[in-house]
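Mind looking over this structure? Questions follow.
Residue numbering begins at 1 within each chain, and the chains themselves are lettered A, B, C and D in the order written.
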Amino acid sequence: MKLIKKDEFLNFVDSLIKIDPRRVIGVKSKGNKFIFDTLNSANELRLDYDVTILPPKKYFLPPTETLLKYDLTDKFSVEAVNEVTPLIIIGVHPYDLIALQQMDIVFRDTYQDHNYIRKREESILIGVNIQNVSPYSFAGSMGTATTEEGFDLMLTDLGDEYAIEIGSEKGEAILNKYAKIADADGDTINKVHDIKGKIASKFKKQLNFPPEELPKLLEENYDNELWEKNAQKCLSCGSCNLVCPTCYCFDVQDIVELNLRRGKRVRTWDGCLLEDFAKVATGENFREDRAARYRHRFMRKGKYLYDRFGFIACVGCGRCASACLPDIADPCKVFNALKEG
Amino acid sequence: MKPKVAFFDFASCEGCQLQVLNLEESIIELIEIVDVVSFREAMKEHSDDYDIAFVEGSIARPMDEERLKKIRSKAKILVALGACACTGGINALRNQYSIEMVKKGVYGDADIENNPYFDVFHTKAVDEVVEVDYYVYGCPVDKDELTKVITSLALGKRPEIPNYPVCVECKKEGNVCVFEEGKFCLGPVTRAGCGARCPSNNNACEGCRGLVDNPNINSELEVLQKYGLTLEDALERFKMFCYREMSK
Amino acid sequence: MSQDKKRNLKIRLEHVTRVEGHGNIVMDVKNGKILSVQWQVSEAPRFFEMMMVGRYYHELSHIASRICGICSIAHALASLKAVENALNVEISNQTMLLRKLAKNAENIQSHILHVGYLVAPDLFGVGSIFPLIKTHKDAVLQIIEIHRLSNELSDLICGRTTHPITMVVGGFTKIPTEKELAKFKSRLYRAKDTIRNIADIVLSNIDKLPNFSRETEYIGLISKDEYALYDGVIGSTDTGEHKIEDYASITQEFVVPHSTAKHARHNRSSYMVGALARFNLNSSKLLPLGQEIADKFDLKAPCFNPFMNNVAQLVEIAHCIEDSIHIIDKLLDTGLKEEEKVEVEAKAGRGIGVVEAPRGLLIHDYTLDNNGKCVKANCVVPTNQNHENIQKDLEAFAPTLLDKSKEEIEHNLEMLVRAYDPCISCSTHYLKVRFV
Amino acid sequence: MSNESIYLPRPATIKNITKFTESESLFELVMDDNRPLNHQPGQFVEVSIMGIGEAPISVSSSPTKKKSFEICVRAVGNVTRAMHRLKIGDKVGIRGPFGKGFDTEFLKGKDILFIAGGLGIAPLRSLINYVLDHRADYGRAIILYGCKAPHELLFREEVISWRKRKDIECHLTVDKVPEGEHWDHNVGVVTTLIPKIDFNPSTTYAVVCGPPIMYRFVIRTLKERGLAEDHIILSLERRMKCGVGKCGHCQINGIYVCQDGPVFNYSEIKDLPEAL
């Protein structure tokens, strides 16, 4: 573990911005909210944020991404596209780091999705331990309030300085290259340990049972009337899907230039809550009911992906809860309600 | 063979046709891929031989209805261009009043009874008069979507027009939801395709693209009330662009 | 063709092309004598007054902009000014400058659309801009450059080229960044040369514009500080300065049976508004580039040739380009900042808002109730004010054409109407009507 | 694994087009690199028409046919309609084959009851022809094939040839016979054929493919005839945008049609409420 003075940290970030060839992303404020965005200066960084509007997945699975480009004047001329901008992302919270690790598994499963993987491989994640808790978040009870892996560097605020855990060689390399650091002594290490130990208990919102019970709970409650009851209010707006760090479904479309000569195939974020998500060309919609779509998302989070990959696909960030206008998307509330029966 | 394309306008602000001219340099490409045979706003030539008719504006009089039917009979594909044509748009706002009231309010006691120019009825969307094959929503239409529709039709493809709400595009933009800023947004029930332009500019969505196929109006009304509108004001919001859909 | 004393002629030009909206020219000649020549507007009336009544003050500008797609910014601005006038809302200097920038952008956009896309084909003897793309690609590309620039500037300031989003009562919901504005500055600099080139192209074909003059009254905003577009008092070439509040006595509107648009008159049987009127009233306040273009064409106030309206539009494009550079300089000097949202208190009252739309004087006049809802709206739009002048010009112009072929007569009459750049959607918005 | 994009289609050329009906045609394709597709019967490919889009289509030919492969396409949407505008010599893009097909090893020695409704014959034909090409390896082969009306019969000539063969049984039915059309076979939905045939439930496996509504009725009738649940094999259709388990559209509860299917054993999916 290393130590860096706060003003040195700002210098470090500014050097990254000025010297490092990678683009530097950090958490900035937008209105009363926070976003990940390109940093123009270290002063814009807000490491005290609670949660960002969108998770960092937008850099690895962009809202719209070109997969192919082609030339229609030729009989068949198609080229794969993979626009990779190497990034350094500063200020990722542990739950988002864990979410990215889940996405890694999905995009590496069976067929390697290099559009995602390359972007991940080319980037550096500098995490930060949570200082302010979002009122919607329940990461404390999802086991995602802290993490020991998934980052290249991890910051903990110690007042005048940050403690830095090193998670990878890449992380260590930029630190050595751009930062003035000192080694942390045993006391500091204990202090960081202490701080991390206490984060989980700062969350007011708690799941009333261990998340490991979720798959079984959901299986037993497939026909619970709560789905129907809540879904009556569902706008099918997909906001809960789109802001979620572990949702990755996408749509694919061909877009042709007005000259009809060149075109591209793009993928864009999609969401299982949207009405036409499971509709096929013959008109059949395999998840026509709002309630079926509403339930599907929770089943995915707590059971389906668990069965497939072995993780609970909700990291408790609470973004969906804050994005849902009728206030029905909150997994914590829904899971607790199911548990209570 | 290049498809022959014609543009027609009825009661409207002509802002949607203007978006065709707003394609700027791409107009050069446009006329390479289609033959524009009629476009009164921009050209003198006119031909009645066309494959695709873009119709802007809503229908307000029997004489307009006749003209529209003639257009339909000649066109292989008819595309409603813009809110006025697709849903009646802002013109339908006056449908809340009776024809007598509107006429009286505007023309007073003047003798206009037998003048066909003044013979108006409740504003109709194009598909209330003739069959419409495709819709390009928006007030005004979005240039990129218009391009998509034109290229799709030229390639013989059904244009993919979203049937999901504006929130989807708003989230992709990473906006702060305008409800959080004390504004009242119709995005959750309004058809996307505009790139969430209004929320991205910190304004509430006014529903200019009309509603999605299966909107959850009741929930949206509850949300609007939860954030502080009266039910009456919440309903009024919809009238601006979704009068027809709300009166169903 | 020599003049035929026995000539009979029926002209029915339905839906004049390359103008905004539906209008017809009808002329009957019997035994070489004009029995009638008429400018008719057949566009369906749209009843905006009924649409505004009952709506909250903050919605009015968004409804108003839908009166016209080409001058939606002007309608929005007149509407906002009327509301701010009614509710005593002050706007900041930054807001004012941004609005003026938007106004300039729209003026450029509308004028270049007219001169470049709608009139230029006449100068080159073709039916539309499309064939010019092949024969005069360079010229077309320069026209498009100006068009794109103005549209993108509108987009930047207003959030959209057509039907502005960001302009609201008291300010803006979103402002551009300094970086974005600075980028435009360099583009505007380049545009100065482009507009010079375009002016030269028009100049070399100026003989295609008929030489016809008829003395009339010109009305528009005037200001002692600047070439009035966003603000000012009402000026007339006949009667001088008038207060905004007196607009009704100046724009005396009336209805004619052959038209769904209102007509207007003031001191004489008709008057003209628009670029030529503004030029005649404000030419001394032109910025150098505008003056340079005017000099090219030897355009001097007062000019009574309605066809020179097209040239006055070119002059204004040049003026607005230069003015926009100045505005951006001012904004960058003080620095752009997110301003506190202006608190607006709904209350009863009446307010009038005026601006110069591209086609001329535009007035919105609203009465609000205690809740800030509109109970009465009146809009006086430019094209309405021009209809009667078009009619009077037709009456004077048509007799000079009788020795021409039918096609030529039609072409000339159409050109006259087109010179006014009539905006028929605007004029059939149909607000409050008084019959005379 | 290579760094090649899993979304990049490879070119294939249309060698032949056989028009079956107004909206259904068979396309014979050859991969431009001449590599055989190496598919299993029941697998699908993603067919691209650049500028239009991509659609999952079952391979309809048997893998025993090596030089080319066939797909039978019904024009219902953008890609499938555009497909019908293509001519011999035109190119399409191909990704795949994807998914889990029929287990030809497992079925060896078994009696197979093929039940196809409409376009469902397309994936089944791959297996039928495979079985015919390895006839000695399999037991009885019974084909029940139904469509809406006589003129909608697909693979007409091949079906006639099946009917002529002594080593397979082939029964046809149509929902109804419109006026002016001729039909010598059964009239009624495909389930009405099941009681008319005789099979040994313990050695027989039913392989079923057809429109969504068909499955429930066919399964019920088969069970009535004593067929065990795990003797029923189905091929299912869902919306797909990638074919490789990423896009999420084809999920049936927790399973992915593109990865775990499209061929399923009924016993695996019968408890999935969203499956049928």
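Observations on the structure shown:
Simple rule for what comes next: a residue touches a chain if its C-beta (ideal position, glycine included) is under 8 Å from a C-beta of that chain, and two chains touch if they have at least 3 such contacts.
It should be emphasised that the depicted structure is a prediction, and the values quoted were computed from it without experimental measurement.
Comparing per-chain C-alpha centres with the mean over every protein C-alpha atom, the closest match is chain B. Most remote chain with respect to chain B, judged by CA-atom centres, is D. By number of C-beta pairs in contact, A-D leads over the other of A-D and B-D.
Remark: chain A and chain D have CA centroids separated by 39 Å (rounded to whole angstrom). One finds 65 Å separating the Cα centroids of chain C and chain D. Separation between the centroids of chain B and chain D, computed from CA atoms only, is 43 Å. One finds 25 Å separating the Cα centroids of chain B and chain C. Each of the following residues of chain D touches two or more other chains: 51-53, 77.
Multi-chain contact residues of chain B (touching two or more other chains) are listed as 155. Annotation for chain A: residues touching 2 or more other chains are 253, 256, 260.
Remark: the chains found to touch one another pair up as A-B, A-D, B-C, B-D. Interface residues of chain B facing chain D in the complex, by the touch rule stated above, are 155-158. Across the complex, chain D meets chain A through its residues 1, 3-9, 11, 32, 48, 50-55, 76-77, 80, 90-91, 93, 211-212, 237-239, 241-242, 244-249, 251-254, 259, 273-274. Listed in rising order, the residues of chain A touching chain D in the complex are 67-68, 70, 72, 75-76, 78-80, 82, 106-107, 109-115, 118, 222, 248-254, 256, 260, 263, 265, 267, 270, 272, 277-282, 284, 286-287, 292, 296, 299-300, 303-304, 307-308. For chain B in complex with chain A, the residues that touch the partner chain are 23, 26, 29-30, 32-33, 147-148, 150-152, 154-155, 160, 163-165, 167-168, 171-177, 179-181, 187-189, 212-214, 216, 219-220, 222-223, 226.
In the complex of the two chains, the chain A residues touching chain B come out as 30-33, 35, 53-54, 58, 63-64, 232-239, 242-243, 253, 255-260, 268-269, 271, 274-276, 290, 323, 325-326.
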